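Next, two complexes with subunit A in common: one pairs it with subunit B, the other with subunit C.
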Partner chain A sequence: MNITEFSFFIFVGIAVLLYYLIPIKARWVVLLSANLYFLYNSNSWVLNGIWLGCALVTYGATVAIGSIREKKPKGAKAITVLAVLVVLGFMLALKDIGFFTALLNRALRLIGKGCPTPVFSAPIGISYYSLVWIGYILDVFWGTCTVEKNPFKFLAFCGYFPTYTSGPIAKYQDVHDSIVNGNKFSYKNLTFGAQRVVWGLMKKLVISERLAIVVNTIYEDTYRYPGVYVWIAMICFAFQLYTDFSGCIDIVIGIAEMFGIKLPENFDLPFMATSLAEFWRRWHITLGGWLRDYILYPILKSDLFQKIGAKSKKAFGKKFGKKVPTWIGLMISWFLIGFWHGGQWNYIIGVGIFFGVVIILSEMLEPAFNKLKAFLKINTEAASYRIFQRVRTFFIFMTGLSFFRSYDGFTYGIANWKNALTVYNPWVLFDGSLDKLGLDQHDIYILIFFGLLLAGSGLLVHFKKKSVREIIAGQNLVFRWILYLALIYAVIIFGCYGVEFDSASFIYQKF
Partner chain B sequence: MKSTLQNLLKAVIFTAIFCLGLAGLYEIFRWKDTNGPYVSTFDSLYSQNEDVADVVFAGPSYTYVTMNPAQFWEEYGMAAFNMAISGQDKNSTVASLREVLKTQTPDIVLIDASGTLFDEHEVQSNVYRNTISMKLSANSFKLINASVKPEDRLDFYLRWPIIHTRYKELERYDFIQNPTSIYTAGYMYEWGCYERAASMDVFTVTDSFELSETNKAWIDELVEMSKQHDFELIFYLTPGIGDGDWRRIINGVKDYLDELGITFLDMDKDYIMVGVDFATDFNDYRHMNYFGGVKVTKYVAEYLKAHYDISDHRGEEGYELWETAAMYRKHIVAWNHVSAMQDPVDVAQSVAGIDNLIVVVSLEGNYMDSECNIADTLEAFGIDPQAMQTGGTWVIENGQLTRSFDNTDIYRIKFNNIDTMEISRIISSSGYYLTNVTMDQNYYRNTILNTDGMYLFVYDKVTDKVLCNREF
Partner chain C sequence: MNRDEIYSILNGVFQDVFDDESIEVNDATTSADIEDWDSLEHINLIVAVEKAFGVKFNVGEIHNMNNVGDMVNLIIAKKG
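Moving on to the complex of A and B:
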């Protein structure tokens, strides 16, 4: 079952209706049933068995940890490690067995041997729910959250279906109560949720799927489409990924809102970021937050890193040396971000190490840059400078994505860059060549219109510091309804869906 | 509580407005092609009065280029309806017939046996033509279930997943009904000429393939329907169809129909009796043109007349569709006839008895040098032949002279909301008179400028076609 399918929305509609028809205390039962129905329609029996097995391990472990944490901390620690290893182990085994087998084969090749690569399919959302469950286990161990002792309520939380497509990675503390305690009917929640769903569908079906046509056409044959074409593909892919991923998150958060559940935001106008570090605080926020809370901070607090900090201060001086353990921790985090996307080097480098290196380098070189700006008398408060910073940030992000998009491997990404930098063909922007990339005039007008609409709404949020839905809700009813209807009809008419399109999956669904 | 009720009411009203808007948009975006662009047999069927068709045809394109309801009406007074659709397969034939039987109680139903020659649609557009041109009903759902892969069915039930991409191709007739779609009553006028030879297989191939289970089930289902709805069932095959193995399948069909005692008009085999000329009567290898269709229609009509008592409804109320179809036929035939004429007198005489024409005759410059007979042409149009001495421009509408210009003047004709014509006689910068006819038709501007000679412009409002636009 896919969240852009009509059948999914029928399913959600029925679930919402049932949710509010039954007493508030029992509403979590509807969510639990919806979770199970969604999983039943999305996974095979074997994969659902694995999911249930891991969920029960998590449930059993957290109940045990909660009961012995005070009295037997070592036992609690052992259970925590074991439970995390089980959840993590299944995630790595099912998602990344190919990567590990490839590494093993490289080693075995040295002695003239090799082994076949097993092929597994992973349950839907494994990358997302595994992190949620691991976070929950650790929080229980650290005592930062309560333990859910009712196994059915635990399943209602841990299997919360809307997040299984592409997240967001919600922490137990953020959503548990809302899921298991039930929520009162709110007309605002229902309508605002529905509006956000339609907005998400617009991003995905109207914008992202059209950009995908251009991106796929060029990336599938960069020898035929070199130079400027590659630049176009790289720029379009950045926007495609944003509209695809954030569109999915809008749908997910919108559905949750209809149930009265507030999921954490995953995006905060990332293209308004003026630095890469800020960008990653605005993009895939919940993954960054998870790594910060469960990987980076624990690492930095560890004895090993404390020792590294002390030694580096001696070696590099107090000011520079105190940053060294943080940078090492950051590099580990960035490696894991890349690896989380999948055991492939294009991910590990494209959305991992590359960004880590740029962020660390920018911190290292910050004093030098500041001196340069002072020397050149650059007004860093000017709007033009902020625009420059945003363009620069976008360019760096786009560069990382160019490797990320090179599914065939890292070398393919390098070849693309070579193609982009060495072939001079700017005339394709003017001689009608772009018309042959799969989009006709109608598509281009639609892209421009809805792209401007998206950008306009982003600017409105940025400058008014208020959600567009709130702003529209303050308008007169006729105007509001015309806007809502126009958007719904636009999605129905201009959306890329149906028999002629393959728009079912989201990019981040496969991670 | 009050606020909850208010919100509930708002939600209901919003949903109702949304549904109404969507229904309105559906009318614009819906699939309107069963036989060609903006020609839909279903549109024609749905605009029929109830219980008027005595004879119904069903089949694929071989049928819609041969069985002409206008001719059945004009020459025999038979109210025949052609329920043919491109690539109509067995399932579609049954479903289309069911759709017809919702509003009509025909005495005779004739089915094109070429449905036995294929089991699946060859092109995707024919799946759309057959399934989603039909109104939403249990019948259309049943047809979709029979014709479409399970994973695609929801798209066909909802239709929007298929039709929404039509925003790229919307035209005038998406917003207003194409009258031709109604006028033709399922028939398609084809004027091309494909010269081919008759296939000897119809005589030499005498063996037959055993009827497949699907074909047998199809015929049995139609026989069952004929009993339920009390109509006479006849199968037929149009000329030029059955070569080689197809002929063997058809022979098998004939054997089975003989067993059941059902009439089979094999015009493919009896083409000599039909009077088919393979050099002139085909539009392509298997599809006949209008001239071939005239012969087939005549043959079938004569057969029906000889074997059944079919009422002549000409002049009766409720049969406006056939009257219009016959009128349209007259116009479209005139268009085909006139557009090839070389002599203006012939043009004038040919269009004399046809309504809804706008004729512009213009004499400018050295028209006296023209080799054609100007005086006779003017007279044929009802213009005083003496006028050729002075020159000028004349407008004849519906056979009546409505405007004559012997000096500068402008005359505007508005056909509908978008189509207009402006006829003007002005003095050029060099001091000569000239005639200018500007026609905005279907968003296209057609300008005719006569500065020297006799010019004839004939526009037919019924067919929306220019019959004549030339200098003589």
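Moving on to the complex of A and C:
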């Protein structure tokens, strides 16, 4: 079941209707039923069996950990480790078996042997729900959240269906109470949620799907489309990914809002970031937060990293030395971010190690950059300097993404860069060549109009700190509804559908 | 160990971690009040506090610290 399909919205509409028709205390039952129906329509019986098995392990383990945590801490720790290994093991086995088999085959080739690569499919949302469940197990062990002892209520939380497409990775503390306690009907929640769904559909179907046509046309034949074309593809892909992923998140958060459930935000105007570190605090926020809380903090606090810190302070001095364990921890986290996207080097390097290296290097070189800026008398408070910082941040992000997009492998990404830097053909920007990339003039005007609409709403939020939905909600009824209906019609009329404009999947749905 | 004694040690820890001898913390101090106190420096601070007071915080307790007052309450609870 895909969240841009008409049948999905019928399903959500029925679920919302039933949710508010029954008594508030029983409303979680509707969510549980919707979860199971969604999984039934999305996975095979085997995959649903694996999902349920892992869910029951998580349930059983958390109830056990909660009951013995204070009296028998060692036993609680053992159960925690086992449960995390089960959930993590299934995620790695089903998602990344190809990566591990390739590594094994490299080793076996040294002795002239090899083994076949098994092909598994994974339950929908495994990359997202596995992290939520692992976080929940650890939070129970650390005593930072309560334990859900009712197995059915647990399934209502752990299988919360809107997040199964592309997240956000919502912690137990963020959503559990709202899911199991039920929410009162609110006209504002219902309409604001529906508006956000339509806004997300606009991003995905009107903007992202059109950009995808340009990106795919160029990337499928970069020998025919070299030089400036490759730059266009790289820039368009950055905006395609943003409108695809954040559009999906808008739909998911909007649906949750219709049930009165507040999911955490996953984006905060990332292209307004003035540094790469800030960018990643604004992009895929819940993944970064998860890694910080459950990977980075625990390893930085570990005895091993404390010893590394003590030695590095002796070796490099206090100021620089204390940063060393943090940088090692950050590199581990960035590797894991890349690996989470899939066991392929284009992901591990493109959206992992590359960004980690840039962030660490910029921190290391900050004193030198500050001296250079003082020497050149650069006014860092000027608006022009902030624009420069934003363009620079976008360029670095786009560079990493160019490898991420190289589905044929890392070397293909290198070849694309060589192509972009060695072929000089700026005239294609002016001689009508761009009209042959799959979009006609009409499509390009639509893209520009809705792109400006999106940018304008973002700038309003950033500079005026005002929510566009709140501004519109404050207008008169007739004007308000003209705007709502205009957006709905725009999505219906200008949205890309059908076989050629395959809008069936979101990019982050496959991770 | 009373609250004042804890603060006299804690001020030294903060000054040492953030390399700023002018830092004076109180119950209401948060990360917004100290320029270099970001999420990564928070861990260095926690480890330094643990060493100074001979206590251990678990990750859950670290998550739940909203200000220095919360930190001091935890130190008092752990020192008995």
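By definition in this document, the second predicted complex is superposed on the first by the 508 of 511 C-alpha atoms of A that agree within 3 Å, B and C clash if a C-alpha of one lies under 4 Å from a C-alpha of the other, contacts with A are read in each partner's own complex, and residues count from 1 in each chain.
Simple rule for what comes next: a contact is a pair of C-beta atoms (placed from the backbone, for glycine too) under 8 Å apart; a residue touches a chain by one contact, two chains touch by 3 or more.
For clarity, every value in this text was computed on a predicted model and none was experimentally measured.
A.B. asks: Quick check on the superposed pair: does A:290 touch subunit B, subunit C, both, or neither? Answer first, second, both or neither.
C.D. replies: Neither: A:290 stays clear of subunit B and subunit C.
A.B. asks: State whether A:157 touches subunit B only (first), subunit C only (second), both chains, or neither.
C.D. replies: After superposing on A, A:157 lies clear of both subunit B and subunit C.
A.B. asks: Touch check for A:481: first (subunit B), second (subunit C), both, or neither?
C.D. replies: First partner only, subunit B.
A.B. asks: Answer with first, second, both or neither: which of subunit B and subunit C does A:99 touch in the superposed model?
C.D. replies: After superposing on A, A:99 lies clear of both subunit B and subunit C.
A.B. asks: Go through the superposed model and pick first if A:404 touches only subunit B, second if only subunit C, both, or neither.
C.D. replies: Neither partner.
A.B. asks: Would you sort A:8 into first (subunit B), second (subunit C), both or neither based on which partner it touches?
C.D. replies: neither
A.B. asks: Given the touch rule stated above, what does A:239 touch, subunit B (first), subunit C (second), both, or neither?
C.D. replies: neither
A.B. asks: What residues of subunit C sit close enough to touch subunit A in their complex?
C.D. replies: Within the complex, subunit C touches subunit A at residues 19, 39-40, 43-44, 46-47, 58-64.
A.B. asks: State the interface residues of subunit B toward subunit A in the complex, per the touch definition above.
C.D. replies: Residues 3-4, 7, 11, 14, 17-18, 21-22, 25, 29, 152, 154-155, 158, 160-162, 164-165, 167-168.
A.B. asks: Which of the residues in subunit A end up touching subunit B in this complex?
C.D. replies: 6-7, 185, 187, 191, 440, 442, 481, 484-485, 488-489, 492-495, 497-500
A.B. asks: Which stretch or stretches of subunit A touch subunit C in the complex?
C.D. replies: Within the complex, subunit A touches subunit C at residues 138-139, 142-144, 292-293, 296-298, 300-301, 306, 309, 318-319, 322, 326, 330.
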